[in-house]
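Have a look at the structure that comes next, please.
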Amino acid sequence: MPIMTVELFKGRTREQKRELVQALTDTYVRVMGGRPDSVTIILSDVAKEDWAVAGELMADKYPD
Amino acid sequence: MPIMTVELFKGRTREQKRELVQALTDTYVRVMGGRPDSVTIILSDVAKEDWAVAGELMADKYPD
Amino acid sequence: MPIMTVELFKGRTREQKRELVQALTDTYVRVMGGRPDSVTIILSDVAKEDWAVAGELMADKYPD
Amino acid sequence: MPIMTVELFKGRTREQKRELVQALTDTYVRVMGGRPDSVTIILSDVAKEDWAVAGELMADKYPD
Amino acid sequence: MPIMTVELFKGRTREQKRELVQALTDTYVRVMGGRPDSVTIILSDVAKEDWAVAGELMADKYPD
Amino acid sequence: MPIMTVELFKGRTREQKRELVQALTDTYVRVMGGRPDSVTIILSDVAKEDWAVAGELMADKYPD
């Protein structure tokens, strides 16, 4: 009955998201047991101007 | 002094949100006591392509 | 398919939690529609020394 | 640079947690690319009395 | 190795965000020790119609 | 009206937490404006066995 929240950079395609949630769910069930339909995943897209490491916005460190 | 975060599908109207936060606040105060102004609620709209159950994106399971 | 997370002060009884999750679920379904079994609630107990308002720990403002 | 938060039932062993974070990290990197050291995972143990579905505490539905 | 998540009203400029993450990181390191590059900050913009206090949407209390 | 959540390693003293929430609140208000009593902070203690980077539990990387 896990809930996984994944904060990741904005801009992933539908296809990448589809593959990611499938793979994370499979991995969880393989390691921890349980049924796939007990696994909920929420993807949270974060813009580079909303993510900082060492006091620096990722939008400044990695401008488009 | 509770903080309630509600992750729900994107697309609710302002009127639905208005009614929801009013009703959840009333419910919390009725059951737990305290004052309404101590209750904070944050609504977090989640797109169907960012929510998965059983490894399947809700955008694939319930296409528009 | 909402997920509600409720951050509240540690120390609630099992009976209070039981009543709270029942009431919040009923309220959500009444206002927004959907089925009760689509509603997940996670209660997150927060100690008074881990919660601050205006820069003051609740453990200092409301000592036991 | 993803952050994965996994809310799961309390009571997993250190060994299960070790295996889980390794496998989720490998899976993320395999699917999405990037370096393993960019992946942070936080496990959040949730007691059965703090988790409810359909208005019922898991502690009531699945008593020990 | 802290992760700070800051939920704040939508509408801040890039410059305000830049200054905020720099200042919060400096403050954390000054008080708690550690290295700045261990501090991750995620800013989460919340619309006024998604934030409620006392059962009232901020969009209703503070209309634009 | 920001809410700051700080995930940090378990084991900080009350005095460190007191100093941290005071300093973060002051910093927020200095940079962003607003009143200190609009700032809520929640500290979330994370055990080293619940935090992983690069697929390795911090409890394994930094044993006590």
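First chain written, first letter: the chains are A, B, C, D, E and F, and each begins at residue 1.
Everything that follows uses one rule, which is that contacts are C-beta pairs under 8 Å (C-beta built on N, C-alpha and C of every residue); 3 or more make two chains touch, one makes a residue touch a chain.
Model, not experiment: these values are computed from the prediction.
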Count the C-beta contact pairs for A-C and for C-F, then tell me which is higher. C-F
Computed distance of Cα centres, subunit D from subunit C, in Å: 20
Mind checking the centre-to-centre distance between subunit E and subunit F? Centres are C-alpha means, answer in whole Å. 13
Subunit E residues touching 2+ other chains are 3, 7, 24, 26, 40, 42, 51, 53
All pairs of touching chains? A-B, A-C, A-D, A-E, B-C, B-E, B-F, C-D, C-F, D-E, D-F, E-F
Contact set on subunit A toward subunit D in their complex: 1-9, 12, 16, 19-20, 23-24, 26-28, 30-32, 51, 53, 58
In the complex of these two chains, what residues of subunit D are touching subunit F? 14, 17-18, 21-22, 24-26, 35-37, 39-45
Sites on subunit A touched by subunit E in the complex: 7, 46, 49-57, 59-60
Considering the complex alone, what residue numbers of subunit B touch subunit F? 3, 40, 42
